[in-house]
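Notes follow once the structure below has been shown.
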Amino acid sequence: MTAKLSPTQMAWRAAQDIEDGAYVNLGIGFPEMVAKFQPPGRQAIFHTENGILGFGEAPKPGEEDWDLINAGKKAVTLKPGTAFFHHADSFAMVRGGHLDVAILGAYEVAETGDLANWSTGPKGVPAVGGAMDLVHGARRVAVMTDHVTKDGRPKLLKHCTLPLTGVGCVTRIYSSLAVIDIEGGRFVLREKLPSLSLDELQALTGAELVVPGPVVDLIVPDL
Amino acid sequence: MDKAVADLATAVAGIEDGMTVMIGGFGGSGGPIELIHALIDRYLATGHPKNLTVINNNAGNGHVGLAALIEQGMVKKLICSFPRSADPVVFTERYRAGEIELELVPQGTLAERIRAGGAGIPAFYTPTSYGTDLAAGKPVEEFEGRPYVRERWLKADYALVKAHVGDRLGNLTYRMAARNFGPLMCMAAKTTVVQVSHLVEPGGIDPEAVVTPGIFVQKVVEVASPAQEEELNRAKAVYPEAK
Amino acid sequence: MDKAVADLATAVAGIEDGMTVMIGGFGGSGGPIELIHALIDRYLATGHPKNLTVINNNAGNGHVGLAALIEQGMVKKLICSFPRSADPVVFTERYRAGEIELELVPQGTLAERIRAGGAGIPAFYTPTSYGTDLAAGKPVEEFEGRPYVRERWLKADYALVKAHVGDRLGNLTYRMAARNFGPLMCMAAKTTVVQVSHLVEPGGIDPEAVVTPGIFVQKVVEVASPAQEEELNRAKAVYPEAK
Amino acid sequence: MTAKLSPTQMAWRAAQDIEDGAYVNLGIGFPEMVAKFQPPGRQAIFHTENGILGFGEAPKPGEEDWDLINAGKKAVTLKPGTAFFHHADSFAMVRGGHLDVAILGAYEVAETGDLANWSTGPKGVPAVGGAMDLVHGARRVAVMTDHVTKDGRPKLLKHCTLPLTGVGCVTRIYSSLAVIDIEGGRFVLREKLPSLSLDELQALTGAELVVPGPVVDLIVPDL
């Protein structure tokens, strides 16, 4: 029934790969939803750039404390074991390789692992935030993205055309159509929507999909 | 020694035209709204300070705090990582009009450059921004086969910071994620001015719980019930109220 | 997730021959005596680990803790700032006999190199040691007309650290000046093993008072009444007691 | 009556120059005594490399807490306003220029401000501690030293002969005979024992003493 996964469904899929006790940073926007879909029995510890480790979900409206926010400036809550720290310590966690997983949005991803997700070009006010830091240091840097742009052009490319966030940094892509690893400078297809043939998926992808082993059906609950 | 000053006007008195001012806060949390507004009051009364270079993570939101400082035309240049917000109209208009200069710095690099300024480290290498437009013109060097970009320290004439509890020696604690850039900026400015919600005597803070030791702080002023930027903006507040 | 392990032997089980091990402490304060002695116990029982490179501010005192580790012949190389103490006989003898290698690092540079290792900063510049024998062979660069020496990060396979209160997620507080290198070493090792005087459940430490967030810690073991090196040495203690 | 000042007297003299509220690091050994001689009404805040700011004097014997020690591994005490921090923050205070005064011992000082105080040469076990950090960063780097060695040779020289601790770092010398500033690569005499003629002092000094203004009598209480 799904021609493509919704952002919520991509978040669900991404959540399945996060292990119990993993330290995870979720990018602003859609990736934040990943926290809601942790499989039963697993509890990741979420890091936010602005200096909290182990925060909880959003408070009820009206119960926000605006000193207790995440990097997206949304209110969060305390949990037993939360810790506060300053920005240099926070990015020591990022840059120093202490995060297990970072999940970011993407404008474009290249088969080399290059990521473009901070600037759509010279127009507008540029803003980078923590994206260029997050692509370095986390053991797994995954992106969550529609497989194609709104006008149908591939977002998975041989080379990025937009300004880069980082070089050779992405290790896995959770797209609206497939799960793809980046290995040895190639897109390695792991899972795809069963409704889509390999040829159809390849036609929507801007670089060759390598298929070294069985491709698992990407099946995600209606959410 | 007593670093406490009586009022906000005294606290911001030394800031002069052309100075570099670090302002704490991430989005609204930790923004020293009252110190910023005291600086605006002085500008409205005297025409100074102007042509400031401001270092903050963002570029202000709505029409209070840093956004109001920019709206008054007091800021010549902004060094920040993310000049967007729910309501970034003030900065965006000035920027599009070419009236404010922007140096965009990745957030972790911004934090580390400020810490380096405070720690006497003139330059360091980071993997962040390698191969991107933000590394343009910066020296690159390989260590163990991996490329890194060299970044310089950031220092300031003044830092304006909001803390939670402060004693008369300048020892500080912060409140939750309002800590963010505060402890780093305190280290990196010649003169650090801190608004605290609770001013206490020395000994009023557990020595183990001190986040910023007093050596990094020059002036402390008590603002007992500080405004929260997020709440001001939800109420569509504008500073100063009557133009 | 529960980082607490049942006993000291389990805590130090993964340390292998030839590894680099950071050991917290300044003089006696903050020295993880019980973790070190557990490592010695393993060596006496199995002949491993040996050929260790140890990073500590000092070189041990008397015949307990780090000094005992050196006395057993387990340490190939020591990286430290001050290999003297009230009773440095163990290190001094090994050093004079050419049986242990010494890399002498200025104390602030040692601290900063360890922090850099934890923070993903492969190199930084410092004024410290410029023009001295300890800068020999290191790149020098001028910034704003002043010369600085480039120093590299320090990382380790293991860190052995003593903290005061720890929860099962690895969040830590320290006790007074026993903090010293602990928070830095926790950041810079692949596996950080911490002995805590009080093990508590998550939530048992005020989130504002956490000094080392749990992300930097892999194993926690409770040692309820840890020995203090200074007191052991005043009592002329030797480890192991019966040779 | 004093042919030369004792270390205690040098410490007294050095203490007279420390202002109220100054942040001060006192080197291991004789400089530690400076803390005892603060003039009435002045209260400096003492820093120790191992992570304490604002500590108090030594406890009574038997009341030591060995987690509360200074860089010399001697027990100290808490005072209202004491703060603890880790070693990287401690040396950020040093290197970052936040200390007002550091007072160190010396084997040799050159008229250029070069200091040698950590190594007497290749024999013995080398140990540097925080000395090479302390000579950078503090606004005033002073040394407290006998004017001559035990066998009567000058310690104030044109060039140091021993391994350097730092280059061009010393700004003032409190010697057992005189108070000397280092300015423009010269020893500038400020104070000398009244019992000593300028020629006698010069004969005990390994580089020229410049005397641009009046030389104050160095008068120190019997201590």
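To keep things simple, chains are lettered A, B, C and D as they appear, and every chain counts its residues starting from 1.
The criterion applied here is as follows: a residue touches a chain if its C-beta (ideal position, glycine included) is under 8 Å from a C-beta of that chain, and two chains touch if they have at least 3 such contacts.
Just so it is clear, the structure is predicted and the values come from calculations on it, not from any experiment.
Asks: Starting at subunit B, how many touch steps does it take at minimum to reach subunit D?
Replies: Minimum step count, subunit B to subunit D: 1.
Asks: Using Cα averages as centroids, what's the distance between subunit A and subunit C in whole Å?
Replies: Spacing between the chain centres: roughly 36 Å.
Asks: How far is the middle of subunit C from the middle of subunit D, if each middle is the mean of its Cα atoms, in Å?
Replies: 30
Asks: Check each residue of subunit C and list the ones that touch at least two other chains.
Replies: Only 112, 115, 119-121, 126-127, 174-176, 207-208, 211 qualify.
Asks: Two-or-more-chain contact residues of subunit D, please, as numbers and ranges.
Replies: Residue numbers touching two or more other chains: 84-85, 88, 91, 94-95, 136-137.
Asks: Kindly provide every pair of chains that touch.
Replies: Contact pairs between chains: A-B, A-C, B-C, B-D, C-D.
Asks: Spell out the part of subunit C that touches subunit A in their complex, as residue ranges.
Replies: 1, 115, 117-121, 167-169, 171, 187, 201-203, 205, 207-208, 210, 213-216
Asks: Flag every residue of subunit B that touches subunit C in the complex, lowest number first.
Replies: Against subunit C, the touching part of subunit B is residues 112, 116, 119-127, 141, 143-144, 146, 148, 152, 173-176, 206-209, 211.
Asks: Across the complex, what residues on subunit A touch subunit B?
Replies: 48-52, 64-69, 73, 84-88, 90-91, 94-95, 114, 119, 125-133, 136-137, 163-167
Asks: Taking the complex as given, what residues does subunit C use to touch subunit D?
Replies: Of all residues in subunit C, those touching subunit D are 26-30, 57, 81-86, 88, 91-92, 95-96, 102, 104-112, 114-115, 126-134, 174-184, 211, 228-231.
Asks: Would you mind writing out the residues of subunit A in touch with subunit C in their complex?
Replies: Residues in contact with subunit C: 20-21, 23, 43, 45, 47, 53-54, 78-85, 88-89, 91-99, 136-137.
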